[in-house]
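You will see two complexes here that share subunit A, one where it goes with subunit B and one where it goes with subunit C.
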Partner chain A sequence: MATWKKLIVPAIILPVLLLLAYGFKTDPRQVPSPLVNRPAPPFSLRAFDGGSASLEQLQGKPVVLNFWASWCFPACYEEAPALEAAWQAYRDRGVMVIGVDIQDRDADARAFLERFKLTFPNGPDLQGKVSIDYGVYGVPETFFIRRDGTIHYKHVGALTKQVLQSKIEEML
Partner chain B sequence: MISTLGRFSLALAFGLALYGVVVSVLGARRRRPSLVESGRGAVYAVFGLASFAVLLMEAALVGRDFSVQYVARNGSLGTPLFYTIIALWGALEGSILLWIWILALMTLLAVVIEGGRSREAIPYVTAVLLSIQVFFLFLATFPANPFTPLFPPPADGRGPNPLLQNHPLMAIHPPCLYAGYVGWSVPYAFAMAALISGRLGEDWIRTVRRWSIVAWGFLTIGIILGGWWSYAVLGWGGYWAWDPVENASFLPWLTGTAFLHTVMVQERRKMLKVWNLALIITTFSLTIFGTFLTRSGILSSVHAFSESTIGPLFLAFIALILLVSFGLLVYRSDGLKAEGDLESLVSRESAFLMNNLLLLGFAFAVFLGTLFPLLSEAVRGVKVSVGEPFFNTVNVPIGLVLIFLMGVGPLIAWRRASLESLRRTFTIPLILAFLGTGVSSFLGVRGLYPLLAFAAAVFAATTVIQEFVRGARTRRRITGEGYLAALSNLTRRGRRRYGGLIVHLGVVLVAIGITASTVFRQEKEVTLARGESLHLGRYQVRFDELSAWQEPHRFVVQGTFTVLNSARKVAEMRPSKRFYRSEQQPIGTVDVRSTPREDLYLILSSFAQDGSSATLKMLIRPLVMWIWIGGAVMALGALVAIWPDRRRVLAAEAAKERVAWQPGRS
Partner chain C sequence: MHRMLLHLLILCVAWLWSPSPAIAVTVEDQTSSLAAELRCPVCQNLSVADSPSEMANQMRDLVREKLKNGESPDQIRAYFVSRYGEWILLAPKRQGFNWVAWLLPFGAILAGAGAIGWVVGRGTARRRSRQKEALPPLDPRYAGRLEAELEEWGR
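Here is the complex of A and B:
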């Protein structure tokens, strides 16, 4: 076999192996949302407390749209206090926080709201329409929607105070 | 207790496998039969210990021994017995245990069955197979030990993943797939033995022929059952999504199929020696690559096991296999000169070469598509996902040509085909293919690819049937047998050839099923109030009621729908959603009504909690059933091809006799 032919083998194999090794460094679950910088899909919710919330009503306000579920432990449990705190801190400056409860049982969801004393509007996504429109992959996921109704940022996983604060400030 | 025994037997098996590798190599190098014999003993012992470990695990699962971590995670008091038993392959550690057992069994069979005929090669074969076993036993002994104890034991376990306890196919899909994967180790081991020992003749090819068909057959069944499972369980109405792990099982199938064809060229014409070795090495590496993908968490997939630390170990193992195998191949390449030449482009050799190029092109495209997200992220830092459009655009045309070649290959003459023979063989199939295209166009098939697909399918099927008919007719003329007797004797006389032709017929059925169910697929999703109906195709589906109940391990919400066909009731269907305690999402359970003509597929997408309305997704997929039937036909063909002849068995017995009398054998 000619020398160049012998070299073909490592020339093919090595890059593939390196690529696979690189794979260990990445997380395939971190998917960027194609919705960023696009208009947020309209939604409307019947809230647990009987009120209603829809994107139309909120035009002109920055919105933090959080998808959660009572079975989503521990991530949703970790971020709930941070969300409530952000709501308390920014509601006077016009920021809206809205929770969308997906694939949940009514009683469990209400117990969750009770447990964390959540006061911002929360409603169930009964037909799963909102989560499909937003391409929700798992919970928790949070969308930050600008005043003009376009999506500023999508966060996957539990929110922290820092993330909430910096992203909300960016939108104000 | 079980935990200790299990860990002990795996560790002992690990040590013995290692010992077996060393003594087998030493025995072969120094020509010491007693060492070789000892290596053989290690094979028996490893099989015994692996079987013992599997039994222990089953005992722990069935006995709900939650002091074993694996049982606590994958078993529960409420899990039915059947799904408890098959929880053995429901998660990473158990699946590795099953893998070890199948590999131990294959090694044992290889040593016992081929020990007589391939005496020179068998110590190396043993060493290679045990080396692979050493790797898997290492995983099971250290980082992924299935017998890791849990203290204090919980009162109840978490239970298997709900998706894995939703359908009985889960009992056979993984073991078949594993047998398919593991099966390729045997041909690989013989190839390596040939390379190591330098006995590079056609012997190893003849020996591994049957083993390759066995591995290929299991892989085929595993893949088809996987499609069926996905269709019946995952509730999206499809059977193949080009998911990384599906691709990973398809890759060795493609290269293995290529290998099965070119071994014939090497047997007949002593050509393509390096090529065949490269193919078998590639196929084996791809089986390990498939396991790696499932278990490393580097790509996102529905099949991914929970992330674990064994990914890097697998990668190192793959690197080692590629390095050693291709290194040996290059080292021995001078002894692998072709003794025959390609004489004409119109010949079976060249048809096989074409088929190989296409199969490999196909494999390359799938490989690239699978790893492209990784490549894109590494090079450009951009996350992309490669989906159906890419795979279909590239692979559909390749698949079409392959089906066409499938009709040509088995019938065209070796070396050089004459114009006369081509005319005699292909006139009828070509005419029928044209007619078939006309008929499908008349029936409403539109578009270039679907029409070509049906044309190629008719062409390939006709060549196969014509071959059977002509053979049977000739035989009948000579022997005076009836048609059926002639057909069965014909097949018996040329099992490999006619088995292969049956496989081709199966592939045609699969191709027709895939084309029809994709092209003529209809679907609709509607929210229905009670009593309302949805119309699609010939069917009218009425939403009757919603019911809900609690079962020991899950909560079930079920919709009842009446299916009417021109105002006549044909069925009552009950798709449901199942809520498992341990799981975050409900598992949809579809209801499928299968007929040879078409499948009606109902999915309960969502429902109002008071039962007043339900959102129903309804699909009609024509001819889906023929994909499964085609798979069965392929498996049948493989079985025909490997079925032992009485003559061959007798010859082998005789050979064994002679060997037994050889002087100096201890």
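Here is the complex of A and C:
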């Protein structure tokens, strides 16, 4: 009887502690994308400059697909120069950089492009279909798409030159 | 008591197994019931149905469009899970480790009811036995006198 009573308290508390430990170990803000290593969802955009960009056109090229918005301050403002620099450095080696502007106003988005002198294709995602297709839940988010059209890596938050360089090199 | 608990358990399990929300008739009904199951990605603990954000708006539009194209609610749910992961569902799927989230509350209620029953039962049993102990056999002298007085009083 006495040992039974001594055991019952740990028998209840231990599973609860284990469950809590499991819960605290996982970061609720870190939502891993189920798309990594899967084929990237097809998309096509009408770019701000009148051109168009679609995943189909880009087959065989490594793609850096960046989701941004002009209201996304400061993260999108921090990474914009790094994206432009990466585009300049790698475009001759076949790497494509594409910007998708989400939940934005046309004039604000154009002012953003002007401010950072972005020369890679950028287009608005007017109905949000591209961002939902990519499981985007905030800006900035960036997908690195391999030559074979599968997703190599998803980056959440502002990109740095180092991340861009190492992830692009991995895909080349 | 045990039968009642059993009935309660059966009800809970039946509820868990029942197919989710009643069959909605119109596309609009289906859209809002599906949207209520999806987590708004840009909000704090709001469903896509409840959020006024632009992203939730776009998601509702997408759900409506998919329904109009003849996709089933299960297909649409699967689509969102394939893009966002299970995180997008406000209620975890009833499988594997997720059963902990579904069953633990009922388990806790049953364990609590059991614990209360046990404590109350033990308390009454102890009081009953204490009452018995508190009444030692009467001294024959007092017993005789008590009998006599009771008889007198009764008359």
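We adopt the following convention: the second predicted complex is superposed on the first by the 145 of 172 C-alpha atoms of A that agree within 3 Å, B and C clash if a C-alpha of one lies under 4 Å from a C-alpha of the other, contacts with A are read in each partner's own complex, and residues count from 1 in each chain.
The rule is short, and it goes like this: a contact is a pair of C-beta atoms (placed from the backbone, for glycine too) under 8 Å apart; a residue touches a chain by one contact, two chains touch by 3 or more.
Worth saying up front: this structure is predicted, and the values here are computed from it rather than measured.
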- Query: Who does A:Q127 touch here: subunit B (first), subunit C (second), both, or neither?
  - Reply: both
- Touching partner for A:E78 - first (subunit B), second (subunit C), both, neither: neither
- Query: When the two structures are overlaid on chain A, which partner does A:G135 contact: first (subunit B), second (subunit C), both, or neither?
  - Reply: second
- Per residue count on subunit A, the busier partner among subunit B and subunit C is B
- Task: Check the residue A:Q103 against both partner chains and state whether it touches subunit B (first), subunit C (second), both, or neither.
- Result: both
- Query: Should A:P34 be classified as contacting the first partner (subunit B), the second (subunit C), both, or neither?
  - Reply: second
- Query: Given the touch rule stated above, what does A:L20 touch, subunit B (first), subunit C (second), both, or neither?
  - Reply: first
- Message: Identify the residues of subunit A that lie in both the subunit B contact region and the subunit C contact region.
- Response: 19, 31-32, 103, 127-128
- Query: Which part of subunit A faces subunit B closely enough to touch in the complex?
  - Reply: 1, 6, 9-10, 13, 16-17, 19-24, 26, 28-32, 69, 71-72, 103, 106, 126-128, 139
- Residue positions on subunit C within touch of subunit A in the complex are 41-42, 54-55, 58-59, 61-62, 81-85, 87, 100
- Which residues of subunit B touch subunit A in the complex? 274, 292, 296-300, 311-312, 315, 318-319, 322-323, 326, 329-330, 333-334, 371, 373-375, 377-378, 383, 385, 527, 584-586, 605-606, 608-609, 615
- Query: Which residues of subunit A touch subunit C in their complex?
  - Reply: 19, 31-35, 41, 103, 127-129, 131-138
